[in-house]
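Next up: the structures, one after another.
Shared between the two complexes below is chain A, which has chain B as its partner in the first and chain C in the second.
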Partner chain A sequence: MNAIYDVVIIGGGMSGMMAAITLAEKGKKVAVISKGDPVCCFSTGCIDVLADGDDPLEGIGSLPDNHPYHLVGENAIAHSLELFKNIMFEGGMPYVGDAHINRKVLTSLGRCKITCLVPETMEFSDCDPDEYIHVISFYKMKDFYPQYITSRYPNAGYSVFDPGVITTPGIAEKFENKTFLEEFISWLGGLDIPEGKIALPAVLGRSLAGKVYHEISAGCGRKVFEIPTLPPSMPGLRLFGGLKKALLRRGVNLYWGRGIYSVEKLGNRIEAVTLDSAGRTTRVEGKAFILATGSFISGGLYASMDTVNETVFDLPAFLPGARETWFNDDFFASGHEIEKAGIRVDPSFRSVDAEIENLYVCGSILAFSEVMKYRCGHGMAIATGVAAANACGGLV
Partner chain B sequence: MIRTDVIIVGGGSTGCGIARDLALRGIPHCLIEKGDFAAGATGACHGLLHSGGRYVVNDPEAAAECIAENRILRKIGRKCVEQTGGLFVRLPGDSKRFRDLFLKGCEEIGIATEELSPSRALDLVPKLNPSLEEAIRVPDCSIDPFRLCMLNITSSQKRGGQILTHHRVIEIIREHGRCVGVKAREEATSEVKEIRGKIIINATGAWGDQVARLAGGSVPITLSKGSLVVTNHRITNMVINRLRPSSDGDIVVPNEAVCLAGTTSMTVTDPDRIGVDPAEVDIIATQVQQMLPDFGTTRLIRTYAGVRGLLKADGENGRAISRGFRIIDHQDGLFTIMGGKLTTYRLMAEKMTDSVMAVFGLKTKCRTAELPLEGQEELSGYPLSSRLKTLEGIVCECELVTADTVERVAGQIGTRHIGDIQHRTRLGMGPCQGGFCTYRALGIMQEMGKMTPEDSMRVLGEFLQRRFKGIKPALWGDQLREEQLVEYIYLGILNMEQEQ
Partner chain C sequence: MAFDFQHCIRCTVCVANCPVFKVNPVFPGPKQSGPDAERFRSNDEASIDRWVRLCSQCKRCDVACPYGVNPAEIILKEQARYGEGHFKPLAYRLFANNYWLGALGSIIAPVVNLLTPRTFVKRVLNIFGISTAIPFPQYRFHSMNRSWRWKGRRKSRKKVVFFYGCFINYNRPDIGRGVRDLLASLGVRVVIPRQVCCGLPALGNGDMKTARKFARKNGRILAGYIDKGYDVIYTCTSCGLSLTQDYPGILKVPDGKKISENTYNLHEYILKLMEEEYIKPAFEPLHRKVAYHIPCHLRALGIGYPAARLFEKIPGLEVHILEDNCCGLAGSYGFKRKNEETSARLGADAARAIKATNPDILVSDCGACKMQLGHFSGIPALDPSEILRESLKKGPKDSRSQGVE
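Right, the complex of A and B next:
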């Protein structure tokens, strides 16, 4: 089997999907190849841009010179975040927030997470200690313990509902059932709780959260918000589902659950890649390729005992030092040196260490992105995904 | 105030063994341990029930003790010993003369051996280096040190022994030139308790000198750190030893679902300030790879280190010092028992208890070698086969531990310590190393009222630091991926900054 595209994107995470949407909107013929569901499924669904100061975009100016955000620029970052919001709105999963304003989101440990754009189900999530918050937890739910929150917020209480299941996806599925939802709303209405907000772990449906959220809000007549949980995280899965649908609506071809089996190079160009499959192989040819396979978690980079490799094209990867320097002693000191590992690129998002003229790189595989240190994961993925797509879009 | 006859300081295998022996001979006693059972070298060892083969050439006396105790423990501790058998593997270049000395020594001491051809050895352990010259089979076994301690303690508790874990001895009370009791501080509450007894036994291993100094004494001790790594699955079902003089990284022991590989030997000065150096991991990995080539690509989930308190001998390095043990009578009511090994813990306890009986002028005989360890049936929820039977409400997916089990154990022992739950259930011992389940177990303990939410946050923070200390030296490959996920969960999703 042979298929020919303008641009072939390897990696179905945030940056790859945003690159695909950008190119499809320019009328390009696009394919996305992904080994599996991306790391954003594990995420809170919130779009962290930069957890520094009140205005994340302003904070970008003070990042180290080699941070990939600088290749995009403040205006282009703001535009790509706007594009993301439009896509999610169009898919019925609106995000709220302003690219220039950091906001706080309450976590399952009762801490505040600084982020920028949030799904509408978290619009009223903030960490105001003066306002009463009533936490709803679920009987024996294994990833949510309301006392972690109520102990830090003296002005908070909790009630427990028994949904009959204990896992996050299990409870989320129940909420998509009309009878269950009505029963829950009527139970909630019967509680005698002080004036204030209602907070629940993020279980309001696997994909239909908006509808469930609005019905509960209307039912109890209060502000309601979701608290992100450990993976499997429903807001993360919803985010992924929303973007995937946006790709399909734009006619992007998806090769899902497929790894790269071999790469064909001709001179300084990648000609095609061949995909793994049971039974037969698929050859996917492109005029340009975008590498968006992510960092270590998603498998774009692989660390052996003494070096770091890029796993698809074997591009030279920047290595921050010998193994004993990769990690700090302190688990909580974010900013381990190993986070700097990755592919170094020029302003057109092409590797500076390998001369391949039609291969562009975006997302957390970029060297010096340090997404945990700066808490800029999804923001950086969106911004560099769109930017890399724009850089290669002009050439094909 | 607690009054008793014998005070045992230290809840490692030796202390727990003494408690059992005293209990079976009807002597009232109180055991004080600053952490949980097996918190020192006992829980940080290989979990190897030696056949004695390891010491047969250089330390035949220790080897003879090992094989005798090996036979006893296989008989009395069926549920905490896995009779894996062991191989001593000779690789190209390893001395044939050493092999001859080894076989001769085994014969003299009575360690059963079977010489195996390379193909026979590969049948037994397919991942062995196929270029091996030969292998010698010995009755090495795998033993679970945590369970061993708890089973010994069961006998003590059944007969009224008082057990104080998480209590640190801060003072030895002396009157008229004799040691008559101790003051112990409970770690969680800082409450100080006074315990009075006629004899005090210092069974604190690497901390032996520190404790002896509380009574104005000292013990000649050399502290030798040994580091090990844990694989995420079994790469061998038999114990694998290198057939050569003892050296670094030449033993691999299967234990439950994993293998433990090590060790190294480095002299240290402070048993509380030890860690694993990445260079030690490299040494172990390089050496073990020679015996089991797949080890190089096997995922390592953790490293740990323990400190052996060896009998001091000037000018000798840690490897050369005898693994025999010694009882020191400080002549003032304090005894120190030191040296020895996990394998010989029962013998050490017997000799120590004999000394106590002599002081008391009593003649009751030791029965610890005949009677099976008590409580083995109740601990039968521990092996994987039993854990596989209930798959509902699992909170530790790696090791299949259910919420009910956590609640039951936390209720039974009334603990405030997450480590106590881990040692008794295997919670958090799998590939994610407690990354997911510790948060849950602490949440469950909050709901039970065992722990305040503030405490559980502190404990979670400390746990994550300790966990990271163990993981960091062997962090590459898939374990690095797992680690970045755990980091993302705690810092990115939960935003758990370190408590100041």
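Right, the complex of A and C next:
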């Protein structure tokens, strides 16, 4: 089956979805192809822009010259983050925060993570060590132990509620049920807790999280916040769900769950890609293509023993050196050289090593992004996604 | 293929996408019943994973998995293995042979339709493990296999075989006849040969032998037509998935690959005709607000949402695409008593999402989705082809096509 689109985006993660929304808002006919659900589903749902310093945007100035953030520019980054906030607000899952201010989010290990934009359910997550935090845990819930938090916050306490199920998706589903929610709120009201905030693992529903959160806050009359958990991470799934809904509302066509089978090239243009559908292949034709397949974990890049390949178009990928130099001896040290691997692009987000005029690249597949080192994953995905969409939108 | 489960990195995206896991704490989820347990399974040992039967085979995990593990495939295989070695309750045996039930129901349609809503009949069905929580579909005597078997010019360049599936055949033949007429009006020669159940209900109820028997029979018929230059068209997305994925795959139909390569979703086929400029349909405006519930098996086909792309071409039609919920009925799954609660909770969730868009009608390709969601939302449920026919001024004249209620 042929399909003619203005822009075909390969990769349904943060970057690809933001690019799709940007283009659809310009009235372009857009398709998004994704092999499966993206890595942002496992994330905390928080948008890290740059974890260094108090002002992430200011910190961008001190990044190495070849970092992809420099291709976007400070103003455009701030604009794309604003666009992201508007989209999530429209989807009923508002984000709070300012692109110029880094904030802290309490994690389930009792440490703080530095981030920039957070879902409204984590608005009050920045905790003073002197403040009293009361953690609500769930009976036998997997991978959430309030003792981690109380051991680091001597001023914190906890209570345990039995929801009848032990998994994150199971508890989240229960919270969307009105009777359960009322029962929980009345249990919470019956507790004798000192003055302070109430913290819960992030299980307050899936699509209705905002409503559940406000009802609990109003019910107990205190500041409440969610603590991100290990996957399945509800805030990550809500983030993905919110963006996907925004795509559908804007008439973007989705091709989900199948990888790219082959690519049709004519001269220095990509004409079409073919999907590996059930039984037969499905051909998707576009005037321009955006590659947003992510880095190693998402399968956009593949490392063999001595080289790194780009998996869809076989674009030449930048390699930081011979394999011996890829890794630091200390596994947990920040900044392994291999993180620099990826596709090098020019200011219009086209590969500098391959002459393809209608292929744009964005997200963590970009060379020198070093997402783990700078802790800029979602922020970089949003900023480069919007920027690549703007670069290609003018031409189709 | 056999070692795909080793690619699982335990990211739990499948678990987060599993509708059954969300509402039934007894089901350990696709990760544990699929790739995790697969490590301990051996063909030399009997299957002991009783809970694989709780999987509804919606395939949402297959679609979500970014590493190509396909947990539902692994579970399906184990369901068949478990079915071979264990006693199958009556409900499983009956639903595996859904085709024969339908045939009987159709012959004595007035009697069946009169009996199924009765309390005492419901009690008897309940004793046999069959749920009566949602009304049984009405059976029609004038089924597809008793309808006119061809339409359209014999010399058309485009020739198709219509694979209608059991639900359209016995319960909603009006949709099937509509599809036949729609295709003929677009200059396509339609032939409707004798055919049996696609085999999916048997497969889903752990009866591999019956599934293969059905599939081989269809395989012979369809391959014969394909050799004569026909394409195969389906509207039921579950039949479609079975024809394209299971025939060459788990069911090992001799001509499976050929069938799979020449089988099209109705809307995909109409788009293909439009792109080849074989037809230039003039869509009339329709001023309606539609909630389009995407069936899980349409997602699993990996062809995008072709009916939604056709809806875009209808002026005035406001479409909300809903693809995050499984209706929970999953063919015969929700008609089993032990799955009744799971099915009802999922149905209520999906209906809530539909009602939130405040639609005039709801549309879905899948017969089970239409039945379940029509019941839980109280909104008339239509087939996408009915919307197309309306816009192309080709019906629906049949009064029965106003929802399933």
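Observations, loosely collected:
By definition in this document, the second predicted complex is superposed on the first by the 396 of 396 C-alpha atoms of A that agree within 3 Å, B and C clash if a C-alpha of one lies under 4 Å from a C-alpha of the other, contacts with A are read in each partner's own complex, and residues count from 1 in each chain.
Here, contacts are C-beta pairs under 8 Å (C-beta built on N, C-alpha and C of every residue); 3 or more make two chains touch, one makes a residue touch a chain.
Since this is a predicted model, take the numbers as computed values, not measurements.
Chain B and chain C, once both complexes are superposed via chain A, fit side by side.
When the two complexes are overlaid on their common chain A, residue A:125 makes contact with neither chain B nor chain C. Rounded to the nearest 10, the superposed model shows the Cα centres of chain B and chain C diverging by 90 degrees about the centre of chain A.
Once the two complexes are overlaid on the shared chain, A:338 sits against chain B while remaining clear of chain C. Looking at the shared chain after the overlay, A:311 reaches neither chain B nor chain C. Of the two partner chains, neither chain B nor chain C is touched by A:293. Looking at the shared chain after the overlay, A:231 reaches both chain B and chain C. Once the two complexes are laid over each other on the shared chain, residue contacts for A:390 go to neither chain B nor chain C.
In the superposed pair of complexes, A:102 makes contact with neither chain B nor chain C.
Of the two partner chains placed by the overlay, chain B and chain C both lie in contact with A:42. Measuring only between alpha carbons, the smallest separation of chain B from chain C in this overlay is 6 Å. Under the contact criterion defined above, the residues of chain A that touch both chain B in one complex and chain C in the other are 42, 166, 231, 299.
Partner chain A is touched in their complex by these residues of chain C: 11-13, 15-18, 21-23, 25, 29, 62-68, 240-241, 243-245, 248, 259-264, 268, 271-272, 275, 299-306, 308-309, 312, 320-321, 323-324, 353. Contact residues of chain A toward chain C in the complex are 1-4, 31, 35-39, 41-42, 164-167, 169-170, 173, 207, 231-232, 237, 241, 244, 248, 251, 253-259, 275-280, 282, 298-299.
Only residues 42-44, 48, 107-114, 140, 142-145, 147-148, 150-152, 166, 228-231, 233, 295-297, 299, 302-305, 323-324, 326-327, 329-334, 336, 338, 372, 375, 377 of chain A touch chain B when the two sit together in their complex.
Contact residues on chain B toward chain A in their complex (touch as defined above): 278-279, 282, 285, 393-395, 403, 436, 439-440, 442-444, 446-447, 452-454, 456-457, 461, 464-465, 467-469, 472, 475-477, 480-481, 484-485, 487-498.
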